[in-house]
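First chain A sits with chain B, and in the next complex the same chain sits with chain C.
And now, the complex of A and B:
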């Protein structure tokens, strides 16, 4: 079985799917990613599907599951690079990709993750009474 | 174009494993390109084929697929026949309902695949298994 490589770039894990995945490969990717998120402490996952010429219900479900798993592990997932024909087909198929953030390309995906992270940190700071007194 | 594929003849592919589902996608794509389907229509028919091939594997216990170029005099198209000798589909109307599943999936395979093609025929019985024929025409 082939495996999809996971690259670490700074605080982000980047997965660029370059092969026509079998269902088993897709399930393996889910597990590999969960382990890498915990091992690296990364707060963002970018899944680049530029090279995928179809996304069927199985891969669609895998993307949703990855997004949910990462959320539980304190990481944000963004799916980037969906082809127009794939988007049209997904909608007609009836797949809504619930809970998945998307961006047009990797660069925008990274911006999205950075912004989400900044929001979250600010929120935690507001919430913490000690933070107020700590700043002069 | 896939090397060594004679597109004048129906192309057969067994569906026995995950990897075979990938092969079905690749075969359908090569035929869809040969009949000059638009990129969106190629994507739709390959996606439908992927759903139906997976159903053949998961619910039908494996089977086979035949991909043929068809011509109605005005347009060319891709016709794909999925056959298995599994238990059949007891309630077809229910199986064609969005969101209904017995296999733990999303329940979009059969209903979604039907929306993605131009023609969709299904014959199923407990004795003979399930045979699904789909056609996508060039525009």
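And now, the complex of A and C:
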């Protein structure tokens, strides 16, 4: 069975989908990804769908599920590289991929995750009054 | 079938025997109808081409315009009507170039006389009618393709996507936005976003005369598609009357940013991207 490779770059896991997704590959990818997030402690997941010609409701639901799983494991999911034709089709079908963040390319996706991460850290520091006194 | 073998044999003899005279007379009649918009020499060349095409086809036996043997004749006719259509001649002016052959043939048949004169003339006349119809049809086809080409060019021309800043592109929409145009705008904009890697797009509707629910629907679809790809859209150039119409129609733009002018939209985007804009002190002359 074909598997989708998961690459670790710094604090981010990069998943590049290069093949037509079937039920099995989708389930396998979800399992692999959940395991890798826990094992590596990454806080960002980038799913690259540049190579996908067709995104139907099945792939859309898979992306949503992956985003939800990652969210539970405290990792931000960004879908990158959606083709114009794919976006138009999704809009015409009325699928809006709720709860999924998107970026134009991998680079922007990494920036987005870094920014979200920075916001979160700042928020935690602000929230904790001892944090500043502990580290002068 | 327009002419049987016997008739076409006589036609070939008639055209071949008086080649010089036929083309001269034919050119003369056509010249009168075109009122000098085509040079004598060029017209003569066209008529000679037609003459030789008809004579050759007639020489091969029975003439059937749809048969393979008449390929050369069909090509000559199409060539003529295509040329005329592109030069802006009317349908009448084009087909009369063919129908003029009737007059020429009438004269020749009358001179030749004989028992079959009337029968021959009617048969020839039918052939010329068929040739004329074919010419007319290819004339119309050429004109239609011209119109289609122009419509497409107009569509291409009217939807430019311009880069305003690093990472910011704008689409100034001008004219009525129908489904076909909206589709082109959407595809162009999204492709440009991918090509330039711009995370922000401004849709300027200053030039759109009226915004109804359908136009709003198209704009909303474009914005949602851009969002799916990871880019943000801002709508600018909303004129006062249009703002009133939008509210009156109950169109909801939701959380899409709308600005009154393109300048406002650009400033908004620059603030989002963190670009600092500072007003410089105007330089004073000493």
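Note that in this section the second predicted complex is superposed on the first by the 134 of 136 C-alpha atoms of A that agree within 3 Å, B and C clash if a C-alpha of one lies under 4 Å from a C-alpha of the other, contacts with A are read in each partner's own complex, and residues count from 1 in each chain.
Basically, contacts are C-beta pairs under 8 Å (C-beta built on N, C-alpha and C of every residue); 3 or more make two chains touch, one makes a residue touch a chain.
Quick caveat, the model's predicted, so the values are computed rather than measured.
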| item | value |
| --- | --- |
| Which of chain B and chain C A:20 touches, first, second, both or neither | first |
| Which superposed partner A:93 touches (first chain B, second chain C, both, neither) | first |
| Partner chain in contact with A:54 - chain B first, chain C second, else both or neither | first |
| Which of chain B and chain C A:44 touches, first, second, both or neither | neither |
| Common interface positions of chain A, toward chain B and toward chain C | 83-86, 88, 92 |
| Interfacial residue positions of chain A with respect to chain C in the complex | 78-80, 82-88, 90-92, 96-97, 101-105, 107-109, 112 |
| Interface residues, chain B side, partner chain A - complex | 18-19, 21-22, 25-26, 29, 39-40, 42-44, 46-47, 50-51, 54, 98, 105-106, 108-109, 111-113, 115-116 |
| Contact footprint of chain B on chain A as seen in their complex | 20-25, 53-58, 60-61, 83-86, 88-89, 92-95 |
| Chain A-facing residues of chain C, complex | 186-187, 190-191, 193-194, 197-199, 221, 224-231 |
